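Heads up, the next two complexes both have subunit A, just with different partners, subunit B and then subunit C.
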Partner chain A sequence: MIWYLLKRLGLSVLIVLLAVAALFIMLHSIPGDPVSIALGPRATPEVQAAYAEKMHLDKPLVFQFLIFMGNVFRGDLGTDVFSGNSVSAMLIDQLPYTIMLAVAALGWAVAVGIPLGCLSAIWPNSWIDRVTGILSVGTIAVPSFLMSIWAILVFAIMLRWLPVIGAGDAGDPLDQLRHLILPAFAVGLGWVGYLARMVRASMLEVMGENYIRSARAFGLTPRTVVFRYALPVAILPTITLIGVGFGGLLSGTVFAEIIFSRPGVGRIIYDMVQARNFPVVQGAVLVTIVLYVIVTLIADLIVSWLDPRVRDSL
Partner chain B sequence: MSETRSDIPADKAMTERAYSVRLEKLGLFLRNPMGMFGLILVVMFFASAIFAPFFATHDPLAMDIPARMSGPSAEHWLGTDQLGRDTYSRVLYGGRVALKVAAIGVSVALITGLILGMIAGFGPRWLDNFLLLVFDTIRSFPTIVLALAAVALLGPSLELVLAIVIVTTIPSYGRLARTSTLALKNTEFILAERSLGASTPRILFVHIMPNVIGPLLILAAMEVPVVVTVEAGLSFLGLGVQPPTASWGTVLNEGYLIIRDTPWMVIAGGIPLVLTTLGFTFLGEALRDVFDPKLRRGR
Partner chain C sequence: MTKLTQSRRGFLQTAAFAGAAGLTGSWPGISWSATGDTLTVRFDTDMGSLDPGYYVGGHPPNDVNWCIMPALVHASEQSPGWVASPYVESLEVVDSTHIDFTLKKGLMWSGGHGEVTTADVAYSYDRMKESEWKGDYVAYDRVDIKDSHSGTIVLNQPFAPFMNMTLARGTGIILCKAAMEAAGGKYTTEPPATCGPYVMEYKASQYVKMRPNPEWTGPKPAYANIDCIVVTDSEAGALAFEAGELDCAKITSTAYARYQKNLPEGGALTVAGALQYMWMGINTENPKLADIKVRQAIQHAVDKNAVIQGAYSGTAEPSNGIICPGLIGHRTESGYSYDPAKAKALMDEAGVSGLTLTLRTLNASERLLAAQIIQANLQAIGITVEIIPLDSGPFWEMGQESKGDTWQDLELWLMRYGAGPDPFEATQWFVADQVGIWNWERWTSDEFEELYKKGMAETNPDERHKIYVRMQEIMEETGGYVWLTHEPEVFIHSDGVDPQFASSGEMQLPYFKPA
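What follows is the complex of A and B.
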């Protein structure tokens, strides 16, 4: 187990390093000189030289990369070109909004999708199975950004039930919750269908296994068989799917943050791309990737903890 | 060798059997109602995009200011936008952008992924590990975040959307091709071919590729909606196709800006996206069930 943990951890660190290197190369292949991009065309040569020295832009690229990595590991993601604020502080302010939205979206999808999948697997071809099937295909087919727009159209403009703009009053949890409902609904809806289908398929497969037949033959109640014996095994591929799909979920939250004008890391990236504020973009993308790698890592660790067979495969 | 393959009686019987298996599979596919429904939607997607000028009632760029932001009417079937352009015609022409991105993006990603995957599966262990690491790294970028970063550097364009789509989808083809190649690597017919002195490229392209490509084509059918959605999403954010060119994404974006005045544009811009997704998903699933039931487990 410890060996597996170390290997998996090493792989995650390697992926983050590679991603950071790729990002660094991309940012440094921008046509034009980074100094004049940062300071604008009217900066005097003295100011430019001072800036280049301060940001180590006069050093070789490899050296710059090492400095950048060193700063990243000390939690310093650089400073905002325009306001001079620390990028790390900016992102720490924004991150809770993104995490809250992602957790809320995934949370309601898990709470609804997994039971639906179980029910359709217990009674295949029943009406509940058919309704779930149609519903899940229907929800998967609507991309989350389209779902966000349509949710605004129906629930905010036609029915006027919920607010559309922003994340609500910072001191008022109830108001924040009201602002969270629509984006979380839109981002999570596709996942309800995904999870229901996934759980149904793996549940059906597990229900055909010998040990389930034995459990039944011992006279255990169907409820015990399904929830104590089948579900813990059937849930494994779903946990992996959630880990792998978390990147997609983050894409969904980026769209939701833009469409609903919510604060968050995705919105920061979008705004700063428009403003060509590269240090902030760089820091925010880095944070997103680390977030994604951590979630995949956790998902993999949970799976390997639940299923000893996986440990040997890496 | 003077005689061709079909002259050998045993081989001829095999060819006939293979033919009848194919016929049977075709029958299986034709009897699958969801698959047929998907096929119809996919044909509609292709036909409406290719023959857009033929079906369109207006020039997608022609403005009819007095009728701006109107709902559906006999003149404008799906209403008009804030400049009075006909939404129905714009959606039809937007399908051309979607088709272009899907056709080029999926085929380039498929071919690149296939080759890289076969090399990873057949080549030395270090190369395999390296390629897997690259695939995993690419997958660790959430698509939209990668796209935002790329657009920040290079400016929005359709070519960039294509490049992003290709780079982010190569790993799924690569991984699939790698797994199938690994399974074939030590089979007898490959070993036999090797002992006959066949070169690695010959083994890869003549013997392994035909056995690997089937599942990849099914995956490609299922990736089309992903690609189309990425294009629409980026264009919606103003990072893809630039106005005044019509794309489903730009129609949605223009509709979103006037959502309080008229709901028709965000409905009209969104429905083709949903239908395309449904079509390719159903088609892909039907093909998979017929040709490769094993794949069903993995999804």
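What follows is the complex of A and C.
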């Protein structure tokens, strides 16, 4: 297990470095002079030159990359060029909102999707299975932004049950929970379908295994067979999927953050790419990459712990 | 010693409960309020820098500055476009180059920096002469200080837009000299010292909250608190208004058309001005367009009313130039009309057939719709148009010689500028020294240059009107412009709120009051 952990850690560091290098190249390949976009059309040549020097934009790309990585290793993600605030402080401020949304979205998707998948697998081709199948495909197919608008129209405008903008009053968990419901519903809905289909397929495979037939032959109750023997094995690929999905949601919640005007890392990245505010984009994407790698690493470690057979491969 | 053990099944159960418990935890957040003495409005973008010398201007920095910073005059929708602010005891335009003012006493800067004084006024305006907005201060010479609270602004030449453009907009705010010098002379989102009816609490990309300034001795605004929530998506802003979470929100022309037909209960619409001008630019130096007959054919081929109906749901004003409705110099008709037959005849006269052109535009939905309508219009006279949608980065530098070679390939493009409350501002981008900077149509005219200088100094409204009308005629005669729209700034707001706007569309939040 220790050797597996070390191998995975080494691979994770390599992935982060490659991803950051790719990010740096892609970001600086976006058309548009970052100086004129950042400072606007009225900036004088002197101000533009001072800005370029301050942001090291007058230096070769490789040099800029090395400066950036050097600062990262010192824990300095740079400074927002507009406000002058620390990028690290900005991200520390925004990250909890994104994590909260991702956890809530995946949380309810897991709570609904996994039982639906189990029910479908226990009674394949039954009406439950068919209804679940239709709902699963439907939730996967409907774009999340459309579901967001629909949810706002029904629950915020027509019924006025739930708020639509912001993240809730500071220090009021209930208010924050109310603000979380609609975005989490919109972001998580597609995942309900994914998880239900995934668990159904895994469960059907596991339910055909010899040890399950043996368990049944020993007279164990169907509930015991499913929840004690089948589900723990069938859930393994789902854990990996949840890990990857959670990592993706750290930056993939951007549409919900924009539509619901929630603070968050995805929205910061979107806004700052528009403004060519490179230090913030680089810092935010770096943090997202690191978190993504950490989450998938944790998911892999959990799977390897639950199923020691996977430790032999990376 | 107790050994901690964890079974795999136990881990899964614990993780599930921990996840559920985590959801109910306490996290920082923003407030949600649209009632009582709190006004809640939409900011369509983050606040950005507030420093009048180095900011982007317009909305929302001006909205914020007018809440927390002093100014001698404020913008007004009424003629002459400005009013004396609550910060001055008296203000008199003595002659075309002298303005006397006396500040109110007892208006205190935050941070213990003392009263607002004449020295602060002089420092602020002197500083602007060296800033990115120095163009607005081209006629400003100095402030003669009479005493701590009164002085005279001296101009080096008559400059008609000085009051309603230079001083009444955000570039006319007054900074605290002592605090600015201590802070190094520049700032971004945190002014070194403020003085206004509100103090500001800002959270990047989330909100600006205005709260009562306990040291403020001037007139109290109607709303004690103002929450400015950043809602970048326009449709989300409209939906938030309908959900009762915003009292006032700027909306798109699509939403405007929708609300004109079906206004939500308790809602009202206000058009805050149409100080934007949109046109299709034509590169007069491009070899394909060098023949003026081809350019004139394009002018006659484009149906701007179809653009207004198709892309702006009929809500935008048709444009006949760059001077917006309500301003001196506004034209009510152009020198050409939509006439496809004439356009075809001009193409025949030019001996051009099978012409293919590119039309570049920002990749915003309304612009793309407008581009498609124009594409169809030009197809009707035998010109094939390829639409090139662009991100704001490459779009705004494509005509600038300092940003690459794209300017050489420019053929057609859709452009929209925002204007100030004086025609001077709209015309400044088309003078000869702007060729290759913002004059992408790449023409020059001695008469235009002469009129530009004359219009700046002329104070007689009738004479100014003639000057600016003629300047637009010159532009049109180059064949470089197809006038399209003046898009309005429209706000939806609660019918219980009486909003106040500058003619350039910014919200004058301290002047908002219950209806």
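The rule is short, and it goes like this: the second predicted complex is superposed on the first by the 269 of 314 C-alpha atoms of A that agree within 3 Å, B and C clash if a C-alpha of one lies under 4 Å from a C-alpha of the other, contacts with A are read in each partner's own complex, and residues count from 1 in each chain.
Throughout what follows, contacts are C-beta pairs under 8 Å (C-beta built on N, C-alpha and C of every residue); 3 or more make two chains touch, one makes a residue touch a chain.
Because the structure is a prediction, the values reported are computed rather than measured.
Q: Touch check for A:Val285: first (subunit B), second (subunit C), both, or neither?
A: First partner only.
Q: Applying the document's definition of touch, where does A:Leu153 land relative to subunit B and subunit C: first, second, both, or neither?
A: Touch status of A:Leu153: both partners.
Q: Can A:Phe145 be said to touch subunit B (first), subunit C (second), both, or neither?
A: The answer is first: A:Phe145 touches subunit B but not subunit C.
Q: Is A:Arg276 touching the first partner subunit B, the second partner subunit C, both, or neither of them?
A: Both partners.
Q: With both complexes superposed on chain A, which partner does A:Ile259 reach: first (subunit B), second (subunit C), both or neither?
A: Touch partners of A:Ile259: subunit B and subunit C.
Q: Could you say whether A:Gly166 touches subunit B, subunit C, both of them, or neither, answering first, second, both or neither?
A: In the superposition, A:Gly166 contacts subunit C only.
Q: May I ask you to name which of subunit B and subunit C touches more residues of subunit A?
A: Of subunit B and subunit C, C contacts more residues of subunit A.
Q: Where does A:Ile298 make contact in the superposed view: on subunit B (first), on subunit C (second), on both, or on neither?
A: neither
Q: Going by the contact rule set out at the top, does A:Met26 touch subunit B (first), subunit C (second), both, or neither?
A: So A:Met26 only meets subunit B here.
Q: Both subunit B and subunit C contact which residues of subunit A?
A: Looking at subunit A, the two contact sets intersect at 30, 149, 152-153, 157, 258-259, 276.
Q: How about subunit A: which of its residues touch subunit C in the complex?
A: 30-33, 36-37, 39-44, 47, 80, 82-85, 90, 93-94, 96-97, 100, 103-104, 107, 149, 152-153, 156-157, 160, 163-173, 175-177, 179-180, 232, 235, 258-261, 263, 267-268, 271, 274, 276, 302, 305-306
Q: For subunit A, which residues count as touching subunit B in their complex?
A: 11, 14-16, 18-19, 22-23, 26-27, 29-30, 137, 140-143, 145-146, 149-150, 152-153, 157-158, 201, 205, 244, 247-248, 250-251, 254-255, 258-259, 266, 269-270, 272-273, 276, 278, 281, 285, 288-289, 292-293, 296
Q: Which part of subunit C faces subunit A closely enough to touch in the complex?
A: 8-9, 11-12, 19-20, 22-32, 46, 48-49, 54, 56, 132-133, 135, 188-189, 203-207, 229-233, 235-236, 239-240, 242-246, 391-394, 396-397, 400, 403, 438
Q: Going by the contact rule set out above, which residues of subunit B touch subunit A in the complex?
A: 133-134, 136-137, 139-146, 148-153, 225, 229, 232-233, 236-237, 239, 252, 255-256, 259-260, 263, 266-267, 270, 273-274, 277-278, 281, 296-297, 299
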